[in-house]
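What follows is a pair of complexes built around chain A, which joins chain B in one and chain C in the other.
Right, the complex of A and B next:
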């Protein structure tokens, strides 16, 4: 394994993490999951930076990754505050409930197929009482 | 695999196209939707994508220790990432994100960055625990919900993501990367930790750093000499973000609006 091969491998893994995070961010509708996907994209970028830091033999990439962590912490705080506010307004984490603030002229997206009915809740089985209840010893004072 | 590709008239530089297409099919079929495809299909496609992608990355016959660890950590990260974006249950998705972070931390350690590994674990552990509390607090516990059981445009969004991935893979073949200053030694100890400006300021190291045990010391020196202004700016950013999130979540009275 030459250093160039190693660098290439790490770049590919970083790109995969970035792309998967992007797919998740675009496709999922849960706001907390969208936030986690953006954090995953940051992880892919950090991996790239650390790989270049090792490849060039200096610390600039690692310092940059530290700043990414700081910005990600800020982002986490702000995003969770926003998600909390949005949840409090609509009582749901579904981001499609906010499509009334879309671009002017865009048609709204309607969910076509209804969700399948949830499975029936399983009750506890009824047991037939069997056997004979033993007679309880009665206390002398109450007899 | 090159024979197979050659029969389709695809050149040698395009060997990543099979794992890419397989992974696209896997993610597209596994994304949550009201009437899901059988998960066996997506699982099969994902397994084939992993195998062919691994064969694309690990070409050499001899697998050394570092290559094995790289394959293990990156495999954990990538599998957990795919599981996270295709998982219906948000609690399971958050747990998969923990695995993604842990795998990335392993890769950091493999790259000679132990301080970054520790910092990432600590910061993300806190972030994940808070997120976890949010998920448990807000997620719909029973039944199905629009937020978790539907995807927005699953075909278009996965096509966009994998098109981007294909473009990146096309743009970084190994031949086009810059011939860096990296030595054949995988950890060039004599140059590690010395920033280009520290020598100007006379902050030269009196001896060669031991790696990677002294990574934190040299990282700290680089941070607080060459990047001091950036550190101050980062601290200011954290303060502003704290104030902002308090302001966002504060319940205002109607009279104050």
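Right, the complex of A and C next:
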């Protein structure tokens, strides 16, 4: 197997990873899944870099990949925090619930398939002081 | 020439008072705002009197250069060099003394008249600003500074006429005054520009007057007529006289100071100052005399039937200013060089006495108005001589002086003017018959003046006691702060004429002869024109006494006679009552077309210019609207757009490099 063939194989795998990630990103509405898909695209690119590094016989691509991994880690922290904030506001991970942030006066894009009913808000369990019933139910999420 | 650096203080003190009053008045001084203004006026007055004495004793003019104001292209033949230089000769020192003295008295009077007014500090701030502009106007030694202060007094006049700007009539009157005088000011500005072109950038009075002989007569005539345009506007002469009666909407002290004693005489001062130019332009002289004579007669005719006491006085001011211009126009060199000095003296002397007795009359009218709850219509009150004794006798002094009663101030100055006009008609030159007609109309005007003055006097102070209900129950004499200035002015109105009671005393004449330039013109004394003084004097006495007698007959002896006469000559009466329809004519022929033009411009602006601008403004909006659907809020759509854009770029790159 020549080095060029080897490179081709790696590039194909990288392209598949990237394409899968993109399809996932464009097709899914779950924010966490979209985030994971974007990570997948990133890794497809990283694989390309590693492959080229091996092909050229130097370490530049690998160093670059290390950087990408570091950046991806930071980005993962940020993105998860963002997703969490968005979830807290809408009580859902569905990104299409944020459609309202469009140009004022534009009609909403109706989905062919209606959105599933939002799940019941699930409060965290409260610890009841023993022997006493709580006077009034507290609001969910603020425990 | 004397160096007198203190000259600057005369305008500067009132300016300082103005600035301080404007800054401190509304917050701290409040009802004490008059203190600074009166202090500055007294200070200026003292310096002016000192200056008068100095100039008179030295027999030379005082001057001082302060700084170079405008300097362009030094050394070049077209160089412009305008210095801020003040200069006071006989004429200026007399004017200054008169302005500051009358100004001080009126400022004191205003303390009583304006008491408790909401705009009290504002009044005194503008009052001081006016004193600054007016003193600066007479002190200027070149045309540019003169013009600057000339506009300054116009501004103060506007501000003070519109002092009660909540009143629509006052606001309209202020606007009218400003616009009408502006018409004249354009003429003045053109005249100054023409002087600038003719004299290659030299605008100093001395230079202009000394080199007047070298200028072609036709140019000089045009210059003089343009300068006179400015004087016509400012001094409310015949075609531009319409603003002055309306200006009576302002507070009465303002009417007394600005619209009787000082500002309206600025035009007379300008023409007197430029006598060396006018002497060389006999046609312009004749125009000045003609306009003056026409105005004097016309205004006197209108004053006959007015019912508003202040308006009667306003028309009489216009009429007296006409007299002054008549005298100035008679300063024609065609008859005799000596006459020039005499004529200018006569005009300025009349200006001087007029300032005192007309200020007195206005302040008297103001005192009446103050007591009558701001009613000034003579049909609504009468018989006030018991209620307001001091106002009554001071007003009588002013009225006698205005009517030209023998030995009162107005008598001496009016005689001077009439004999000057008569003298100008001698010698058989081109305009002799014009001057003769003017003399006769002047005599007639003297009679009319006496009549309408005493008509107002009898209607106000005699007859059954009648007080309008606005006055309430406390119709009373005005406070001392108002009556004391009245008394001082009354003494002046009686006695000030004796400073130049020709042929007995010549104090005024001798002082004015120290105007270096007039003296120079007058130096080549021709033979004195023989005017029979006793003849003129007896004629004018006859007219004055006749006028007073007629007024006595119509308004005291047989009151039913006046309405009957008015009925019989209904047309003439209406003509005079409606002020010869000047306002209506101007409205129809000037104001309406201008308004139509303004409306047309407004429509053009609104529907043509604005629409084009709007169109340009909508273009970005339309583009934005086209792209708005892109922002639909779907994250996937944004991602797709990004991916497709990146793909597009990649394809383009590959297209370029691969194939």
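Methods note: the second predicted complex is superposed on the first by the 106 of 143 C-alpha atoms of A that agree within 3 Å, B and C clash if a C-alpha of one lies under 4 Å from a C-alpha of the other, contacts with A are read in each partner's own complex, and residues count from 1 in each chain.
The rule is simple: a residue touches a chain if its C-beta (ideal position, glycine included) is under 8 Å from a C-beta of that chain, and two chains touch if they have at least 3 such contacts.
Note that this is a predicted model, so its numbers are computed, not measured.
Peer 1: Sharing chain A, do chain B and chain C clash or fit in the superposition?
Peer 2: fit
Peer 1: Based on the superposed arrangement, let me know which partner A:109 touches: chain B (first), chain C (second), both, or neither?
Peer 2: both
Peer 1: For A:55, select first, second, both or neither according to whether it touches chain B, chain C, the two together, or no partner.
Peer 2: In the superposed model, A:55 contacts chain B only, not chain C.
Peer 1: Would you check which partner chain A:84 touches, where first means chain B only, second means chain C only, and both and neither mean what they say?
Peer 2: Touch partner of A:84: chain B, not chain C.
Peer 1: Contact-wise, after the overlay, does A:34 reach chain B, chain C, both or neither (first, second, both, neither)?
Peer 2: In the superposition, A:34 contacts chain C only.
Peer 1: Between chain B and chain C, which one contacts more residues of chain A in the superposed model?
Peer 2: It is B that touches the greater number of chain A residues.
Peer 1: Contact-wise, after the overlay, does A:42 reach chain B, chain C, both or neither (first, second, both, neither)?
Peer 2: Neither partner.
Peer 1: In the overlay, answer first, second, both or neither for which of chain B and chain C A:96 touches.
Peer 2: A:96 contacts both chain B and chain C.
Peer 1: With the two structures laid over each other on chain A, which partner does A:21 touch: chain B (first), chain C (second), both, or neither?
Peer 2: Touch partner of A:21: chain B, not chain C.
Peer 1: Least CA distance chain B-chain C after superposition, rounded to whole Å?
Peer 2: 6
Peer 1: Can you pull the chain A residues that chain B and chain C both touch?
Peer 2: In the superposed arrangement, which is not itself an observed complex, chain A uses residues 22, 26-27, 29, 95-96, 109 for both chain B and chain C.
Peer 1: Please give the residue numbers of chain B that touch chain A in the complex, ascending.
Peer 2: The touching residues are 27, 31, 34-35, 57, 60, 64, 66-67, 70, 74, 77-78, 81-82, 84-85, 90, 93-94, 97, 100-101, 104, 107-108, 111-113, 115-116, 119-120, 123-124, 127, 130-131, 134-135, 138-139, 142-154, 156-158, 160-162, 164-165, 168-169, 172, 174, 177, 180-184, 186-188, 191-196, 215, 218-219, 222-223, 226-227, 230, 234, 237-238, 240-242, 244-246, 248-249.
Peer 1: Mind listing the chain A positions that touch chain C in their complex?
Peer 2: Checking each residue of chain A against chain C gives 22, 25-27, 29, 34, 95-96, 98-103, 105-106, 108-109.
Peer 1: Would you mind writing out the residues of chain A in touch with chain B in their complex?
Peer 2: Touching chain B from chain A are residues 1-13, 15-24, 26-33, 35-37, 39-40, 43, 46-47, 50-51, 53-60, 62-63, 65-67, 69-78, 80-85, 87, 92-96, 109, 111, 113-116, 118.
Peer 1: Write out the stretch or stretches of chain C touching chain A in their complex.
Peer 2: Interface residues on the chain C side: 628-629, 631-637, 639-640, 643.
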